[in-house]
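Two complexes, one shared chain (chain A), two partners (chain B, chain C).
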Partner chain A sequence: MKIMLICAGGASTSILMKKMRKYADEKGINLDIIARSIGNYDECSSEYDIMLLGPQVAYQKERIETATQKPVTVIAPYDYAIGNVENIFHQVNEMLL
Partner chain B sequence: MKSNKEKICDFFKLHFSDGAAKGLSTQYLTECFGIQRTNMSSILNSLVKEGRIKKSSGRPVLYYMDKDLMESTNDCFSSLIGFDGSLKRVVQLAKAAVLYPQRSLHTLLIGATGTGKGFLAMLMHKFAVESGVLSKDAPLITFDSKGYIGNPTGAIDAILSNKEMQASNGCVLLIDNAECLDVGARSMISARLLEGDPLETSIQKTMIIISCNTTNRNAYEDYASKVPIVIELPLLRERPLKERMEIIRTFFTLESARLNRILCINAEVLRCLLLYDCELNVLQLKADIKIACANAFVRNYKNKDKEFRVYIGDFEHHVRKGFLHYKAFRDEIEQMIPFDYSYAFSESTMEMSAIDKDKLKNRSMYDDLERRIIELSDRGMDESNISMIISAEVENVFRQYQSKLTQEIVNKEQLSKLVDIRIISMVESFLDEASVKLSKVFPTSVFYGLCLHVNAVLKQQDTMNSIPTRQITEIIENFKAEYTMSLQFASLIEEEFSVSLPIDEVVLITMFICYKAPMEDIAKKPVMLFAFYGKAVASSYINALKTLTHHDNVYAYEINFEKESEVIYNELKNTIVKIDRGAGVIVVYDMSLLGPMLDTIEVELKTIIKRLPTNITSVGLELSRKAAIDENIDSVFNSVSHIQTLNNKKKKKIVTLCSTGEGAAQELKNYVKRYGDVSDMEIVPLGTSDTELLKEQISDLLQTDIIHCIIGTFNPRLFAIPFISISDVLSAPKAALPSILRLKRIKKSEINFDDVYAYLEEQLISVDISKLKRTLPMIIEQINARITHMSLDSEVGLFIHIACCINRILSGELMPKNLKKDDIIERHKKQYKELVKLIKPIEKAFGIILNDDEVANILTIINKL
Partner chain C sequence: MDKIYDSNFMKGLRNFGEKFGSNKAFSAISQSMMGLMAIILVGALFQIIATLPTLFNWTTTNSGFYNFFMAPYHSTFGLLSVFVVFLIAYIYSKSLGLKPIQNGVTALALFLLVAAPVQTALLADGTTTISYLDTSALGGIGLFVAILIGLISVRIKYFCVNKNIVIKMPEVVPQFLQDSFTAMIPLAINILLWHGINTILNHLWSMTLPMAINKVLSYPLMALNSVPGIILMILIATLLWTFGIHGTLIAFVTLMPVFMQDVSANAAAVSAGLEPQFYPSLLFLTLQCAGGTGNSIGFILMGLRSKSEQIKSVSKVALIPAVFNINEPATFGYPIMYNPILAIPFILTPIITCILIWIGYLIGFFKPAYIIMMSLMPIGVNEFLGSMAWQNLFIPVIGFLVGLVVYFPFFKLYEKQLVEKETAKATQ
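On to the complex of A and B.
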């Protein structure tokens, strides 16, 4: 599974990224994940299956959808704020399946 | 016991007391009283003979009681303050309970602490004796439930074994504080007392009154279901001020009798007493007055004068806070208690006497205020309260001055006879300029007032010159723009007439243009809000209205369909809050979407909102569209004739929208229908990607229906209709779908920040979380308050974002550059400056600097760039 996380500066998604990696390792999920900012996501977006947005950049959803032609979804604010990785994976699965 | 005749007479009084017009027939009365028809006829005839009731000619004969006949009879309730006002219904019910034929009805009294439940029970007992329902020596037995908490059988046993009750031949039993009894005791009281267990002989002739506090809802509902009459007493603050005044008067006269002194108070004290929050209602009012009188008595103890004064300082602190509500009730209060009077209470009366007016006349109108400021601060009032009271007073005095000035002037011609023509033209151009700059319409009264005022100043007739310094600075600070303009105007006058004006004068001129409509206009009258679709439509319209009417009671709201409906909702709500003068708002609107919003706002704000939808915009759309394709004027014209009639039958619809075609939209519809619990709404599938076509279809739907939301693959951003993305619908658990469709969003209060901090603590090794707790929430709040109100998404995201930035800086990681930094900062200069100020506490707490790249990132998030 290849996921790109996008937020304003790439900082806040990177902590989430770490947590998601750890979770994937534990659960044996094959995960390729990267954190980007809204300024530099498009260079390698084609390599990823899905884009997850931090709630602070939710308003960019449509723009990113058009630019990448990939499924894009906004992480629920509360899940994002507490790093509820399980819910986030659930969200991703529902989008991809 | 009363004779049947008296009972029937009472029954008539009761029947006609609330203005009932229909007469009573013999048949009806016979049934009510359960006595023989012949007996009834003879009683009625004798009452007619005595002139106590009247009978109609014609058949069947009906009997009436005249109003004046009723009013001539005073009973003990007429001593109850509010018996013909807020307690009218209460008194009616109480009488009905006592006078009910055969036997008095058990009654439940509910009300908050101190609303007078006990007092009413006492009056009911008195009334029962007075009206002959009970014998003269029938006792009022009070049973206090408080002693039986946790002892359910004890209560009922104690009541049933009451000797006094057993001995009496009919009495009133008051079960006080009945809310204290637990469920068991309550059901026993219901079963054995209220339902009239035939075995309990001692209570057969007893009227039971249960007094129950509203705090325990279960309790009073239990009783209410068992008792035929329920009387609810209103809170003190729900009753009219006039009645509160009466109550205050009564308590003072009581105290006066008790202390054997005449008590004097000034208007200020009376106002506080009328306005402060009386949590324990009448009871507290009574206690507070008693305490104050006692304080005053102690002070005057050695003084043998018959009269002494009770000062505001004698009252508890919370009474003094009554001032804070003064602004809201000013009109009503001014009418009731004119300012320049003092009040003296003796044993039996209240006297109002004017304070020596001549003394007042010679003083400048602000001398009083200075004196009062000193007085207030002497009494330990704090600064902010004082300035609030004083500014209310200043405004008041100013308004009086202004209305006095303009009372006699009717038109410009008259004005020109009184005032130098140069002044008129100067004032005119000054006000014109001010009305443009301040976007405000000045009524003619301001114009006349200002002309006359300037005239008076130049002739040095009026000595309006000592405004308290405190007030001057306050006005200059709060009304900088107005003050600057007034300063320019003043210098023009100084030049023209070669005089010099003191700063007080400039401030006075400022007050003229800070004009708010005078009280009598602004007070409690409804206002109109015009909410129209499109840029400047509504505001142009109300400007036109204002020019025609000169009334300042119409407001505009522009509906911008690019805005999210949530934004529109909030803006609309805020507008209504701002413009409502207490008598409600009539909203004229041309977009059906506003209808349900207004309903919700009405409930949320408890403001009266009247809705007046117009269909001008839909008529326009329809006509224009039809005219573009049809050349027959009749058919174009007829195309809109149906709109009028359809306007009221709005249905709610959900639109499912797919860009790929109707098939997918249909499937989405089926899914929503199956899991969404939306049987009250119709679902309309639309399949199109052509925005123009879609716009047409949607506005067609809007003519007859309300579109609750659009669900689809893309947001068409039309008419501010709420949009739900298809992925949100499909990815959500099915159980959550109904609430998503009802547009319920997660609220901030549902976020547990402890979990958030725990997550951050675990992830952000370099950040001291306690410092974060101290600084970050406050900053987010301030951004919300000072810069822009963020959605929950942005707020939570920004919170995490900033926390992570701090972590990055502290751990020395490389920060990404924001390429658009300069552009963003340039375009949001003001916000940038504010933001830099706001983030200072973080920089200080963590010893870091958030550079412009970071600030630009934050600006991007909060402005959704």
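On to the complex of A and C.
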């Protein structure tokens, strides 16, 4: 599963990225994940299956959808805050099914 | 109390934030600035190395050491507008479905034409002539022109392509040739426009376009770059965050050209051996000096021992990010967004902090920044490295203390609400 996380500066999503990696390792999920900012997401977006947005940049959803032509979804604010990785994977699976 | 978020004013503000933030031109500006963050930081680091020994009078600003380490700064931040004009035109034309590289290069050429036209000069020896570009308007001073040319030149191209004001070639002509011909009429219009305006300004008032634009913009910018103006921007930033929108980014992109010009003016002053000046734009970042936007680290520390499970667990995950001035876990976790009780201190703390720190500058305690620091750094690092003054380490201390006092009553109120909910749930 190839996921790109996008937030304003790429900082808060990189915290989440580490948590998701750890979770995927534990559960044996094959995960390729990267954290990008709204400034540089389009450099390699074509290599990823799905774009997950931090809630603070939810207003960029439409623009990123048209730019990347990939499924884009906004992470639920509370899951994003406390890093509830299980819920986030659930959200991703629902999108990709 | 929850109803205030449904009021027309709040709805309008939210719409404004979303529209503004996803506007293509605005996104092009913010994306290009984000893309340049790394190169600006590298320039700033060299500037710090160059400046450090001069603080202790070990070297002077015309020593070989100083000049060696300032060279990378001059080629990064000192040429900022060159990168900005290319990137804005590149990103903007990409989002409009035009050829990005072609438009990026066009905008760069137009910018150089008005901001640093090729000139020739006879050297003092009387025989050698050199041709040169004057770089003085390619850094902070040219930033507004760079933004305008980046956007308008692409807009002209877009208009021509849409209205079919282009040279058409027969079908058999290869695509790359067709592209060059398509570019010709818009390019001619652009050159005539920018070069024309620049020449007229030159002849009538002996001004260049960058100078003229800065002069015209100086009146509205004076209003913006004032203490009330900055407080208003801080207010907009925090209000938008209470809807979960990244308001700091939106407000900062608006303010960023002014901020960069001010800091680069200070850098030039320090290089010339003068004192850096205070500009109100320097106050904007006080809104995120102690735990990210909202200066909520005091709240997080109180929350670690909260009786409410929700506050306690969010505080645990929010603490480390807050040390790095990342506020999202707190904002989305407690949550502060769509939560009128916590929105009040979240909005008040940065404003009170800003006013206190302004007073600190007025009495001469804090030192104005002259090194551009825009990256996310742990608390206090930006304040210190931007000014190289230990006094500025007290900026986050003030932010922290103000936060502690202002958040406290709201923390108690919210905690009480949550504890009631949590016990009600537990007894069910």
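For the reader, a short list of remarks on this structure follows.
Keep this in mind: the second predicted complex is superposed on the first by the 97 of 97 C-alpha atoms of A that agree within 3 Å, B and C clash if a C-alpha of one lies under 4 Å from a C-alpha of the other, contacts with A are read in each partner's own complex, and residues count from 1 in each chain.
Everything below uses one rule, namely that contacts are C-beta pairs under 8 Å (C-beta built on N, C-alpha and C of every residue); 3 or more make two chains touch, one makes a residue touch a chain.
Source: prediction; values computed, not measured.
With both structures placed on the common chain, the touch criterion links A:20 to neither chain B nor chain C. Of the two partner chains placed around the shared chain by superposition, neither chain B nor chain C is touched by A:4. Between chain B and chain C, more residues of chain A are touched by B. Legend: residue contacts after superposition of the two complexes on their common chain; A:77 is shown touching both chain B and chain C. With both structures placed on the common chain, the touch criterion links A:39 to chain B and to chain C.
By the touch criterion defined above, A:67 reaches chain C but does not reach chain B.
Within the superposed three-chain model, A:85 lies out of touch with both chain B and chain C [touch as defined at top]. In the superposition on chain A, A:57 makes contact with both chain B and chain C. Shared contact residues on chain A (touching chain B in one structure, chain C in the other): 7-9, 11-12, 15, 37-40, 54-59, 62, 77-78, 80-83. Note for the complex: chain B touches chain A at residues 714-715, 725, 727, 730-731, 746, 750-752, 755-756, 758-759, 763-764, 791-801, 803-805, 807-808, 815-816, 818-820, 854, 857-858, 860-861, 864. Across the interface of their complex, chain B is touched by residues 7-12, 14-15, 18-19, 37-40, 54-59, 61-62, 71, 73-74, 76-78, 80-83, 91, 94-95 of chain A. The touching residues of chain A, when paired with chain C in their complex, are 7-9, 11-12, 15, 37-40, 42, 54-60, 62-63, 67, 77-78, 80-83.
Within the complex formed with chain A, the residues of chain C that make contact are 17-18, 21-22, 24, 27, 30-35, 37, 94-95, 241, 244-246, 249, 313-314, 317-318, 321, 324, 326, 328-335, 337, 376.
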